[in-house]
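Here it is: the structure, laid out below.
Going in written order, the chains are labelled A, B, C, D, E and F, and every chain counts its residues from 1.
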Amino acid sequence: MARTLDDYQEYRERMNRRILGTDHLGIKRMFGLDSAAYRDGALPGRTKELLGLVASAVLRCNDCIDYHVLRAVEAGWSDDEILDALNVALVVGGTIVIPHLRHAVETLDLARAEAKK
Amino acid sequence: MARTLDDYQEYRERMNRRILGTDHLGIKRMFGLDSAAYRDGALPGRTKELLGLVASAVLRCNDCIDYHVLRAVEAGWSDDEILDALNVALVVGGTIVIPHLRHAVETLDLARAEAKK
Amino acid sequence: MARTLDDYQEYRERMNRRILGTDHLGIKRMFGLDSAAYRDGALPGRTKELLGLVASAVLRCNDCIDYHVLRAVEAGWSDDEILDALNVALVVGGTIVIPHLRHAVETLDLARAEAKK
Amino acid sequence: MARTLDDYQEYRERMNRRILGTDHLGIKRMFGLDSAAYRDGALPGRTKELLGLVASAVLRCNDCIDYHVLRAVEAGWSDDEILDALNVALVVGGTIVIPHLRHAVETLDLARAEAKK
Amino acid sequence: MARTLDDYQEYRERMNRRILGTDHLGIKRMFGLDSAAYRDGALPGRTKELLGLVASAVLRCNDCIDYHVLRAVEAGWSDDEILDALNVALVVGGTIVIPHLRHAVETLDLARAEAKK
Amino acid sequence: MARTLDDYQEYRERMNRRILGTDHLGIKRMFGLDSAAYRDGALPGRTKELLGLVASAVLRCNDCIDYHVLRAVEAGWSDDEILDALNVALVVGGTIVIPHLRHAVETLDLARAEAKK
């Protein structure tokens, strides 16, 4: 039963709509701060996508890794550059990061395959 | 009793010598991989210093934060750029990162003060 | 392939029986301490369910979140109150908690739908 | 060399002023969201102080524990109630939390001693 | 839809080949250090498999737990010995480890069932 | 201002007495489970000290590392064996463990120096 990026994105968007549809102002603002953190600032947004990817990898959150891998691809980073960022996460975070490295590379391959279509 | 960067560096170097003076090949190689991860590769080393800083901040390791703040300063990143990287760590890692943000900014100020002398 | 609460509960109970069926006294006692922690004490049990939920959310354990969401619903907490507790987890734990917030809200919706039947 | 609450609070306030004195809007907003999370909402603010304390304890952040212990004392929680909340953190987070339990109880004792003066 | 060890191993090996097929020397060396850490040294390799299992359990990584459970079985550790090691992880890491204890015991049962065939 | 093992042990024992002097049965039982986990069982207690040390190192708790280093020394493990266990923690947990490796080796040296007196 192959993993698809569509399933992930459909679930993610459906539940985000559900959560942002509640009245909780604090939660809404936290989602807003998240988007804002990756916009161009003192550092370019595309550099900050790599920072978000490494943070997600060392904290070992596959959904967050997927999000940032897809954003890093959109931002024009090559496979070699993304791998070089993931290597920092692997060295800092240790071999416990390896299953998440496998997940990240699988997502990267799915994203490149989809782009080719 | 003010914190100084010298105390940190003296302790760090003394204990690293002690550890690398043992016969454990695995530990020595792990130290080697750590240095290698921040050399120029598909990504420039100075970008990877920021990746290491964000990884250290979300994993909430003050000694690691000190190391990467000092390296980021050497690599020529400005205060605004370093803060913008730390903001990604703060948003991804949450307010539990705040005490480490205080530590990072204090180290940054100590490093700038020392550079002025 | 929709997630159901029954699958989770069947697996959880089957494996707990398997584990408690072994001879390991330490493991059995740890399970006992877990149940005891949420009984009425200096704080009412229902308040401690929210404490358990927030602890599970910041430690990012979906199975533990499911357990405490279901218990919080049984204890009579409203959706708004549960969301307000989860917001503390989101702010303290950062956006890395968002996938677990999605999971928690999905479980909450499944629990409410089941209660209506 | 005894630990005092004054040292902690002086350092915390000085560095917060330094950080909020920078121009980074994202960081300022994150500090604002933190304060807002503990105001009365669907749950009373004083209940949320206990949620923040448990989150800080399982994430093992002494500075965050200090902050929430002091706030919980101000909110009128008794030692027994605070201990009962910390017990949830201890059971969920394991014996790795014990050093932080020691820290929390020491802070609690310092706060009560100061209140008596 | 029952979990099988074959699925896990096929995915793991396929993605490891994919990752080791890239040119990133740092990642390759990290995989090498991982294998080396469990070879006979000052401590016998089979003792270090238990160390790896406990580290994986407290860090709550199911894939890593699977790997070390299978290796511990190959190394001749009995169910009682593996459970006694997992109990240390449970006490140190807390009840948040329970879902991973369930996973570990399920993997152990699958490995024993496969060995009988 | 040199770190001494006596300061650590005096603080640890004083606060443990304070905590066990409260009426909280859950907390007392958790302390009891902790001691029990390292007694001879299916695995010998001295092997479980190494498991506790590795768990403490990957979870990056210096106080817990001190406790298990001292116990490992009492149990007769050599420096080489303790380093070999710590290497597993370093590889699994990554370079973020390095500051805790420095702390562990410093404690080991202090314990050996004290034993010589």
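As a working rule, contacts are C-beta pairs under 8 Å (C-beta built on N, C-alpha and C of every residue); 3 or more make two chains touch, one makes a residue touch a chain.
Note that the structure is a prediction, hence the values are computed from the model and not measured.
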*What's the overlap between the neighbours of chain E and those of chain F?*
A, B, C, D
*Taking each chain's centre as the mean of its Cα atoms, which chain lies farthest from chain E?*
D
*Compare the CA centroid of chain F with every other chain's and tell me the farthest one.*
A
*From the options B-E, E-F or A-F, the pair that copies C-D, where over half of the contact pairs coincide*: E-F
*chain A to chain E: how many Å between their CA centres?*
26
_Rounded Å distance between chain D and chain E, as computed from the means of their C-alpha atoms_ = 37
*Give me the residues of chain D that touch two or more other chains.*
24, 26, 30, 33-34, 37, 41, 55-56, 58-59, 64, 80, 83-84, 87, 90-93, 95-96
_Testing understanding: with touching defined as stated, what is the shape of the graph linking the protein chains, line, ring, star, complete or other?_
complete
*asked:* Please output the residues of chain A touching chain D within their complex, sorted ascending.
replied: 24-26, 29-30, 33, 36-37, 41
*Sort out for me which residues of chain C touch chain B in the complex.*
58, 90-97
_Touching residues of chain C toward chain A in the complex: what are they?_
60, 79-80, 83-84, 86-87, 90-91, 95-96, 98-99, 101-102, 105-106, 109
*asked:* Quick check: in the complex, which residue numbers of chain E touch chain A?
replied: 11-12, 15-16, 18-19, 22-24, 26-27, 30-31, 33-34, 55-56, 59, 61, 63-64
*Using the touch definition up top, name the residues of chain B that touch chain A in the complex.*
33-34, 37-38, 41-43, 47-48, 50-52, 54-56, 58-59, 64, 78, 80-81, 83-85, 87-89, 91-93
